[in-house]
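First subunit A sits with subunit B, and in the next complex the same chain sits with subunit C.
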Partner chain A sequence: MNKKALLIGAGIIAVAAIGAVTYTSAQRKWTINTVVKITGIAWFNRMEQGVKEYAKSSGNNATQTGPAQADAAQQIRVLEDLIAKKPDALAVVPMDPATLEAVFAKAAARGIKIITHEADSQKNTLYDIEAFDNVAFGANLNKRLEKCMGGAGKWTVFVGSLGSKTHNQWADGGIANAAKNTKMQLVDAKQETADDADKAYEKAKEIIAKYPDIKGFQGSASTDVAGIGRAVEEAGLNDKVCVYGTSLPSIAGKYLETGAVDGIGFWDPKDAGIVMNKVAQMVLEGKKITNGMDLGIKGYNKVSVTKGAGAGMIIRGAAFVDVDKSNMKSYPF
Partner chain B sequence: MKALWGRVSARPEFITLGLIVLLVLGVSLLEPRFFSPQNLVATIRTTTRLGIFALGVLLVLAAGGIDVSFTAIGVFALYTTTTLTLMFFPTAPFALMLIVSMTLGALMGLLNGFMVWRFAVPSLIVTIGTQYLFTGFLKTFVGTKHIMDIPAAMDSSGTASLLQFSTADGVRVTLPLLFLVLVVTAVLTHLLLTRTLMGRAVFAVGGSSAIAGRLGFSVRTVQLFVFGTAGLIAGLGGMVHGSLNRLANPSDLVGTELDVIAAVVLGGARVSGGSGTVIGALLGVVLVVLINNSLILIGVPSTWQKVVIGGVILVASGVFSKRSGA
Partner chain C sequence: MLSDGHIRFLIIANGLILLVAALLSKGAFLDPYNFQSMATQLPEIGLLAIAIMLTMVSGNGGIDLSVISSANLSVIVAALVCKALFAGADSSAQAGWSFSVLFVVIALTVGTLCGLLNGLLVARAGYAPILATLGTQLLFLGVATVLTGGPAVILGDIAPLSSIGNGDLLGIPIPFLLFLAVSIGVSLMLSRTRFGFRLYLMGSNAKAAHFAGIQTATVTLVTYTIAGSLAALSGIISSTRSASAKADFGVSYLLIAILIAVMGGVNPSGGYGKILGLALAGVALQMLSSTLSFIGANDFLKDFMWGLLLLLSIGLTDSSLFKTKPKPAPS
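So, the complex of A and B:
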């Protein structure tokens, strides 16, 4: 083989390579539909902001839709309509994962890629995205509580119900964290509040009556801190008792402002919306999401990837958002 | 002894009072802190919330019906009134909100009464149906979101105090002003049942609607009246609940109706109708509230609390069944 032929050969390969590169970067726009549980509520409006932000930055055709009511049957209908239009991918926050298995299987058979969020039991999904590990989230809340309490004193934790898996994982995460510090004294753990602020209020009052030296409360249901906060405020203990829990600024805001509740934790649906779409795009580009990967969004910089309920995988971030009085205004939902 | 039992049987609320005394003695032996003024105030406050609903339940039970939709009516009236107020008249006075809420409640109650009378279906079935209907309608057409920023008048009425003091531990204790709503409603219900013709008609229909009809009482009027009034009271109770809770949550209340019905029955009203007193119903509520609110104090682990509540209700109802057997 002479030099000239070699040069031509190299040239051809180079051109082909450049062509391939330009082809990938200027590929056709992907159509990705995000389907949420219910449209029009603050939580999913916030998620839509993320979807819009992703559409703008990626240039893909990404939109969000969902049923007008929180109803699994209506979500199926929305999905059926979308599948008929054959988008490239669907990013879904299932109302009830089990009821969506059939419709997801049908979509997959038509070549539509399925990504889910908050559905770690979903079988027919390629990737399910969870904002965080529940035990780690509970431990994080408890670390903030511990710091506020000055690392010592009596504290307790509430759950919505003893049967709620996530609430118990959060509570257990908190209990395990506090157990590392012998000065943190857990009393009457895991009182049930039935996701009712008034129950949380009554139980908090009873705890205050029984332990006048109580120093901390950790809530699990989003209404827990609202009830505890009211009890603490009414008792005039805003400065003496620390209150942390899972909640949203729209529910706990009033008490964050007065200092009855010291801090809350949650995950930002906007980031979850971006991540779902990003993962969908990566799947469409034939890329794999691997353990420890950086998805380029805060909280999802080093994701853990584990096997899911079906053939798909579960991607877990560490995307807890710590909110207190100082930054609650940045999360208007 | 037999004579004493006979006299007590005629006034079943004495049994309820006796059970309360036993419970208070038992709990205070286990945990002296039970006798704190703050615990007393907490008990009165919870009694306010449940007691208002209990008065409506009492009316329906006395007329021989049963209503399990009153919690749905209460939360529907609360949430819809709050939404409407925020939408059209955020500075509305509390009294106006109460009127709107009670009107909504009365309308829903009348629907119950109409169906019970028109289709002669057992009221339990009708109200199970309307409970689903009201909750479903609320969540579909009115809203699903917690409303934290309730109208100012609701917030200030909910936090206004009738009595306030601090304990030795530096804990501030407040008896809410809205406790007076329970007092007024209880007095009116008592007068209605004991001093009016309608009250006599209610007990007559509850005893036997056939005989009441022959005596000239209109069964239709009585049924519309008791369900309508129970709805009105539920609308009032819903608004008081939301104001005390400083939150309008469309998922609240529904699911607690059996607690209230149990309380009224423990206060001496018969499920089969024709009996019951306001004082008994309120004592029944106090009994249930005391059981519920002393479990943490005496250190019952949360997994065991429901077992204990169920056990006490069973024992208490055993005492009552002895009465009706005698």
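So, the complex of A and C:
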């Protein structure tokens, strides 16, 4: 009798406990902290909009923070404090991936899930999110340039430096795209501009002098199109020469208005912020991100998932944003 | 000890910050892990502050602006040499030990040499300390950048080296134990040794010290050299903590380290400064910073609060509330 009562009692307690656990897990609000390289600059302010939007739509406690100075040491300190606070997940845009490996290992040991962005060499991350494949991004820029040039003529491509991995991947993507069209004639490829608008301006002037019939420029550093645009404008070639490149509306906007620069490409940090948090949530819910998955954000509708530098995976979207004079006002950064 | 107005202010400030932090975080701040985390973060800046304090105490506008560059150069040279020497070595415990010992020895040597160069420029060549160390700051940063090409040198997880930055003894982080040991050592050096006495005397009045037969140039040289060694120790802690060495790692620490020294009651024009004050100021800043991170405040608010605390420390300790020493009678 007593035994039976005990069993029933134990049974009730177990059911109640399971019920309580499932109830809390269904109701559970995740705390996800996004940590950026530096706070207070336009790029990461834009990302914060995404984080806020995610927090609102998901109901999770998602916030963004970061150091006031662009210093890897300060980013570590911010992370250390957050790890002590023990959020469920950290979504980090590393200043320098190598310097964060130890602190990420510490976070993981405390049960915190780590998601990164722009850090495809990071080892101690579960998922690193890249906005796009760099070669595809370069090819996309070149396709727009090709269209503007009417599919024929002389063109060239600038890079910030030959040592910059991403710039070269973008340039190579563009060159490979143009090589498919025999009427596109590449001249003096990969001039270095040292990420300096003045250098790009001088190089563009030289190219215009050397090839008066030049039809197109593709820039890689965010300052390239600004320099090229100035040279094109001074030569009075706004309507004759097409200029496309990686840049931001805040840098190239002036020349987009006048038509000296025809279009720019970049990725939207706001979307990257949303995707990082979404992926963090999926990881917390025990879900896996698989090849071809739709993350529900434009540009991340069919992501590619490949093995990363460590045990984690790299998620790549196709999230390039094409901007020209008509839609530049929607990207105020 | 409690008769010192500055120290009293800092003790009260620490208590208040702790209280407010505990209330704002609803007790979460008092988690032992959080104290461990703060005790891991403080030492690398604290050691830099001690280095700067020593140069400030030496007077003659003494300051060492090159501490961070020295720290980074020290560990970069150590990392590059050790990685080259142990490139083909097995990952045995013995290789780990030799790597670690060599790393520490090289880093401390390079740091000491950096400090010696500062000392020579100030004491022998007669450069103003602010100019000499501003120059060497850029020089060391430049050399470190050329050596690495910019990106971080990856150290990786090498036992027992990585435990310097990440390990603990009975729950107390090893960086904090190192900081404690250095603090006690420097404190004893300043209060109990002839060198300390000479340093304070020289800082208060270099001329009087000179005529009292003190070799002021030698004292200055030794002071800057010690500062270089302390910088290297800070570099060893931060590089093992981040498992990497980078030319511009922690460049934003410089003003914080100066802030800690000044808030700790070190007289920037020389002759006065106590380790206890510096340590309390360091703890106050660390707790304030962690509190703001804890409640999710903007990082810029941290800078603001630090500045406010500095102004308060100067203002309040100068007021009658904290003042203990009577003002000298006008002559």
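Everything below uses one rule, namely that the second predicted complex is superposed on the first by the 307 of 333 C-alpha atoms of A that agree within 3 Å, B and C clash if a C-alpha of one lies under 4 Å from a C-alpha of the other, contacts with A are read in each partner's own complex, and residues count from 1 in each chain.
Quick note on the criterion: a contact is a pair of C-beta atoms (placed from the backbone, for glycine too) under 8 Å apart; a residue touches a chain by one contact, two chains touch by 3 or more.
Treat the numbers as computed from the prediction; the structure is a model and nothing was measured.
By the touch criterion defined above, A:A84 reaches subunit C but does not reach subunit B. Contact with subunit B, but none with subunit C, is seen for A:K254 once the two complexes are overlaid on the shared chain. By the document's definition of touching, of the two partners only subunit C reaches A:T39; subunit B does not. Touched residues of subunit A were counted for both subunit B and subunit C, and B has more of them. Legend: residue contacts after superposition of the two complexes on their common chain; A:G236 is shown touching subunit B, with no touch to subunit C.
After overlaying the two complexes on the shared chain, residue contacts for A:A178 are found with neither subunit B nor subunit C. Looking at the shared chain after the overlay, A:M47 reaches neither subunit B nor subunit C. When both complexes are overlaid on chain A, the residue A:Q69 reaches subunit B and subunit C alike.
By the document's definition of touching, of the two partners only subunit C reaches A:A98; subunit B does not.
When the two structures are aligned on the shared chain, A:E206 is found in touch with subunit B, with no touch to subunit C. Comparing the two complexes, residues 69 of subunit A contact subunit B in one case and subunit C in the other. Those residues of subunit C that touch subunit A in the shared complex are 28, 31, 33-34, 36-38, 40-41, 151-152, 154, 157, 162, 165-166, 238, 241-244, 246, 248-253, 289-290, 293-294, 296, 298-300, 302-303. Against subunit A, in their complex, subunit B makes its touches with residues 31, 33, 36, 38-39, 42, 46, 49, 139-140, 144-146, 148-149, 166-167, 169-174, 241, 244-247, 249, 251-252, 255, 292-293, 296-297, 299, 301-303, 305.
Listed in rising order, the residues of subunit A touching subunit C in the complex are 39-40, 63, 65-69, 71-74, 76-78, 80-86, 96, 98-103, 105-106, 110. Listed in rising order, the residues of subunit A touching subunit B in the complex are 38, 41-42, 69-70, 162, 188-192, 194-198, 201-203, 205-210, 212-213, 222-223, 226-227, 230, 234-237, 240, 250-251, 253-254.
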